[in-house]
Amino acid sequence: MFKRGIPIAILSLTGTLLVAAHFSPMTQSWGEVVLNWFSVVAAITAILGAGNLLLVNLEKISSRRPGWAYSAITIAAFAAMLVFGFLKIGAVPNPQNPTVYFAGDYETRESAYGWMYEYVMSPLTATMFALLAFYVASAAFRAFRAKNIEANILLVTAFIILLARTYAAELLTGWVPKDSAFFFVRLDAMSTGVIEHVATAGMRAITIGIALGALATSLRFMLGIDKSYLPRS
Amino acid sequence: MRIRQAHASALRIASLSAASMCAAIAWAQDAAPAAVDGAVAAEAAKAWFDTGRLGLLLAVAVASACIIAGIVIARLGGSVRIRRIAALEAIDEAVGRATEMGRPVLFVPGIQDMNDIQTVAGITVLGRVAKTAAEYDAQLEVPTARSLVMTAARETVQSAHYAAGRPETYSEGRINYITDEQFGYVAYLSGKMVRDKPAACFYMGAFYAESLVLAENGNAIGAIQVAGTAEPSQLPFFVAACDYTLLGEEFFAASAYLSGERDQLGSIRGQDIGKLLVAASIVVGCAMATYASIALAFGGS
Amino acid sequence: MSNPTTPSGGAKGPSPVAMIALLLFLLAAVADQTLFSEPYFARKYVDLKSNERIQARHTGADGESRTAWLEPTDQKIVSGEWKPVEGVDPVKWTTRPAVTEKEYEAVQAELAANPGTAPTRTLEASPIDTLGVWVAAFLTLAIFSFLWRDNPVYKVAESLLVGVSAGYWMVNGFWTALVPKLIAPLAPGFTQSNLLPDLQASSTPGLDFALALVPLTLGFLLLWRLAPRGGWISVWPLAFIIGTTAGLKVISSVEADLLPQSLEAMKPLVVFSPQADDAAKLGFDFWMSLSSLVGVVGVLSVLVYFFFSVEHKGAVGKTARVGIWFLMITFGSAFGLTVMGRITLLSQRFEFLFTDWLRIG
Amino acid sequence: MTDQTPHIGPVRRLLVRLGDIDRRWIYLSMALAVAIPMLTGLSFPETPGKMSSATFDAIESVPAGAKVLFSFDYDPASEGELQPMANAFVHHCAARGHKMAFMALWPLGKQMAEATIDSILLANHPQYRYGEDYVQLGYMPGFETVIKGLTTNFASQYPLDVRGTPIGNIPLMSDVKTLQDFDLIVTVSAGYAGAKEWVQYAKSTYPDAYVLAAGSTGVQANQLFPYYPTQMEGLLAAVKGAAEYETLVAAAYPPPAHPERLEEGRRRMGPQFVAHLLMIGLIVLGNASMFAARGMKGGRR
């Protein structure tokens, strides 16, 4: 009952309330309250995550498992961010209330937290993301093979888009007049045509399918049919 | 016989709902401008029902009715046969191969929280992967980007171990939260893949840019890769770089398919009824629009 | 030891060589800043801006007195409408927005041209920001080194990123959600005097308090997961989260995707549009008609591909095949567009290395 | 085995061997393809396309001095593509005298907004006053629930601005009760939550209340095309869209200071050109190598 009954009840009740809140102005404010709760619970999940992160890494350090020194770096970085952020070290005072220390803005570039963000976190995430340019190149070489008709279609489309989205389009087909009967030979016209008419049709059908899939999944949860998230009774 | 009956009733429901869908669409178009009108909205603030949204309510009701009809038909004993989904059949093969090679299995449930339906579907697929892994005694690792997903994954994997009759092999420590930050998580995963060399990698959930980082690293270490996502922008990369991919809606269907429960399989049928209905209304809509276009061109001149 | 079946390469802890290299690198950065007069590499400049606030009081016509912190040059103080409060010290602080090297040189040149005049802006090289650029450059290269192969420098960057980002999200969630939405209704007085001085008193403090207990309880149940026993209770908040999502999704999937996308797919298959030479005349528009036809065929065939209760055989199979072709075109175009984005990301990182760090761009 | 290999020409042999090339050579070629044009300053003129012009017109369509809500739904990882768009959007709106509120659905979006305010808004339009002409609301966790909340009660999601002032006390925001009090919404978006959610939860519910313009990464653009132009009046796709829009904005409203900050998008098109050619070359080479090797295998069998 506590393990399965109550969670299903909570789920169905919250879901139904939010559906009702969309149609009935009377219950609209209840919906707002639920959404507020949601953001609080979502913020508390960060504490759970941090707790688990600490447990795992401290265990690694204390048992001197291989690579424990890296765990120490993780913990030190984590602790530094918490100290900088919670204590608002170096934060600029709030202009309207300069005497209330914790009213200051901790994220400006004057604060320690802001420095960590600007020079540690931001370059690391952006570079991690930039690795994709390399992976995209190796995938192009390795995976995009014209094995069958389907793969050929994909490749030709990709070629058109790749060429049309740079100055190459102008160089290759720029000489075809825009208002001639053969305007569709122009790469930019082809690319727009493919994107706006063909790819959009495919995307539209995918979107409709996904909408139905999402609706069905939501209903399965609200009706208590899908219980995969629940523990064993 | 029974199957044919179910089909007939499904068709009846479909045609009935097609009619109401058309009505709903007409309503939605008529009613929408009224809802925006400031005065009307303010007046409606205390009402128990926002009449401006009646059309939407109807549409939601019809769409939900399709799904529920599918479930009801399944309960009444209608067929719940589903077409072959190759990527699903690959799960057992991939886990089996990892066991043979004595290497771990990696399951990545995407980078979104439990508030994304895809993550939820991914966790359902995890249930099946975990059960197979427990049966084969393969080592399954699930690093997550959200602590709630970790919570859900632990429950699911533990249940799977019970279901496989191997509760003693369940270890919570293999399912861990890493960080919420997308690329922090990816940096960790890339490193982990290169170091641990999992033989099978599953990517099931909401994926964004990391799809290709994972798929390329997985390929470099020679893992069997099975992916599933409803994020259309990432599908081309998974399709190209992984061995099997659940495309969009297939992914949602997969979670129901794997459960093997009649109710859930029925809901997939319900989705099909919904699609039939949508297709029917598109055909009707196109016919009407074409007629209107021709009438305007020839009647007008 | 760990699982013998997973030989993890280089799981020995950071190599001393890498650590020493890192140290030397940072030392070089500081040396560049302090020892060499001519900076060839990164040097960041900031504009020192001083701020001051004094507490002032204003007594209105109704005799009600209000205080506020204002700039000494504020019009309200200059006009005498607001009077500085006696015995309260002014508060001063400095902000340091970044400026480009060009701006710095322009100000220096101006100073050199007019010696003796007081500078309008105080621009100076900032050691802490210069160090920052070096750290950022080092970390950028550390991540790129993964392309060569997994190595201790990458592992350091990876561990750092995991720790910093986990801390970042936690601090962010605390100040943006927990303080205004949980702590404020639970302890309005404390929040008002210490955390959010501008918080307005609620008209229903009792109700707010009671309502805030719900997410607090759910959060507590969630954290129970960290306890050695009874972690299953965390499915209660989990059910709440999934319920919220499911409720929102039921509406949004129909309202935003299903209905409008189906409507958009309904197009006239024969399109007539005004003629170029005579706008009053309607003529058959070949391209528009083709576009509608392609659009409708595409949507319908892909929908058929997604039918699960029918095997892909016969007519259904053929239509599904056409659906796959449409899907492939969609994927091809997605691929092309994505490549574009990925390359931009790389250009941006290179711009940082070349321009901000090496100064060769 | 090698002694059974039929005689093959040197070109074909090379192609076959190319198939097993170390991926690091490919990585290096990509690095050079981006770095060399960047260092040599390769650049091309831009001709604005249909969508970029539509986006420009969408912002022009709102009367001067209107209220604009900017949502910065991206982080530094997507800065390369999106920052040029954000710069051009903010400069365009400021040149039209619009009042701007900045918010973020991504935690790091707040910093991105902060940087844009400093480097574009205040640097080019020093007459903008905080609280009267622009306001920074900061990040709010909750994804689409935030948008949904904004449509019913703005202050329920943003009771305070980043300086801790209740929004009721801010002149710019004092008469904003719901999202519908804004005339234009501009989202610069890298994924979830972002442009798609703004369509789903704001534009679909109140289609006539505001104009919606979005700047999107290339990846996400494919998902957004179906919404343009009915559910989204303006859409910029990838750095190409940014470069085109920049051209339009800079021509209509030349920035008084720092014109180089409105050239970032165009500057990035040079490396783009070379890298795209490299990509095509790689795909062709990869396929050539596959066909060369396939013939050989056939001979062995």
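Going by the order they are written in, the chains are A, B, C and D; count residues from 1 in each one.
Note that a contact is a pair of C-beta atoms (placed from the backbone, for glycine too) under 8 Å apart; a residue touches a chain by one contact, two chains touch by 3 or more.
This one's a predicted model, so the numbers in the text were calculated from it and none came from an experiment.
Set side by side, the interfaces B-C and C-D show unequal numbers of C-beta pairs in contact, with more at B-C. Chain centre most remote from that of chain D: B (centre = mean of CA atoms).
We define each chain's centre as the mean of its Cα atoms; on that basis chain B and chain D are separated by 27 Å. Chain A and chain C have Cα centroids lying 11 Å from one another.
Chain A has residues 19, 22, 28, 35-36, 38-39, 42-43, 45-46, 48-49, 52-53, 94-97, 103, 108, 117, 121-126, 128-134, 136, 138, 140, 142, 144, 154-155, 158-159, 162, 165, 195-196, 199-200, 203-204, 206-210, 212, 214-215, 217-219, 221, 229-231 in contact with two or more other chains. Among the residues of chain B, those touching two or more other chains are numbered 56, 60, 63-64, 113-117, 120, 147-148, 151-152, 155, 178-184, 187, 209, 232-233, 236-237, 240, 247-249, 253, 268, 271, 275, 278. Residues of chain C found to touch two or more other chains are 8, 11, 97, 143, 146-147, 155, 157-158, 161-162, 164-166, 168-169, 172-173, 176-177, 196-198, 222, 225, 232, 235, 237-238, 241-242, 244-246, 248-251, 254-255, 257-258, 261-262, 264-265, 296, 299-300, 303, 306, 327, 330-335, 337-340, 343, 345-346, 348-349. Contacts from chain A toward chain D in the complex involve residues 28, 31-32, 35-36, 38-39, 42-43, 94-97, 103, 105, 107-108, 117, 122-123, 125-126, 128-130, 133-134, 136-138, 140-142, 144-146, 155, 158-159, 162-163, 165-168, 170, 188, 192, 195-196, 199-200, 203-204, 207. The residues of chain B lying in touch with chain A in their complex are 44-50, 53, 56-57, 60, 63-64, 67-68, 71, 113-115, 117, 120-121, 123-124, 127, 146-148, 150-152, 155-156, 158-159, 162, 173, 176-184, 186-187, 209, 212-213, 215-216, 219, 230, 232, 236-237, 240-241, 247-249, 251-253, 255-256, 259, 261, 263-264, 267-268, 270-271, 274-275, 278.
Interface of chain D with chain A (complex): residues 21, 23, 26-27, 29-31, 34, 44-45, 47, 49-50, 75-80, 108, 110-111, 114, 140-142, 145-146, 148-149, 152-153, 156, 162-165, 222-223, 225-226, 238, 240, 269, 272-273, 275-280, 282-283, 285-287, 290. Residue ranges on chain B touching chain C, taken from their complex, read 24-25, 28, 56, 59-60, 63-64, 79, 81-85, 102-104, 113-117, 120, 139, 147-148, 151-152, 154-155, 178-181, 183-185, 187-188, 190-191, 194-197, 232-233, 235-237, 239-240, 247-250, 253, 257, 268-269, 271-272, 275, 278-279, 281-283, 285-286, 288-290, 292-294, 296-297, 300-301. On the chain B side of its complex with chain D, the touching residues are 32-33, 35-36, 38, 112, 115-116, 182-183, 206, 208-209, 220, 232-234.
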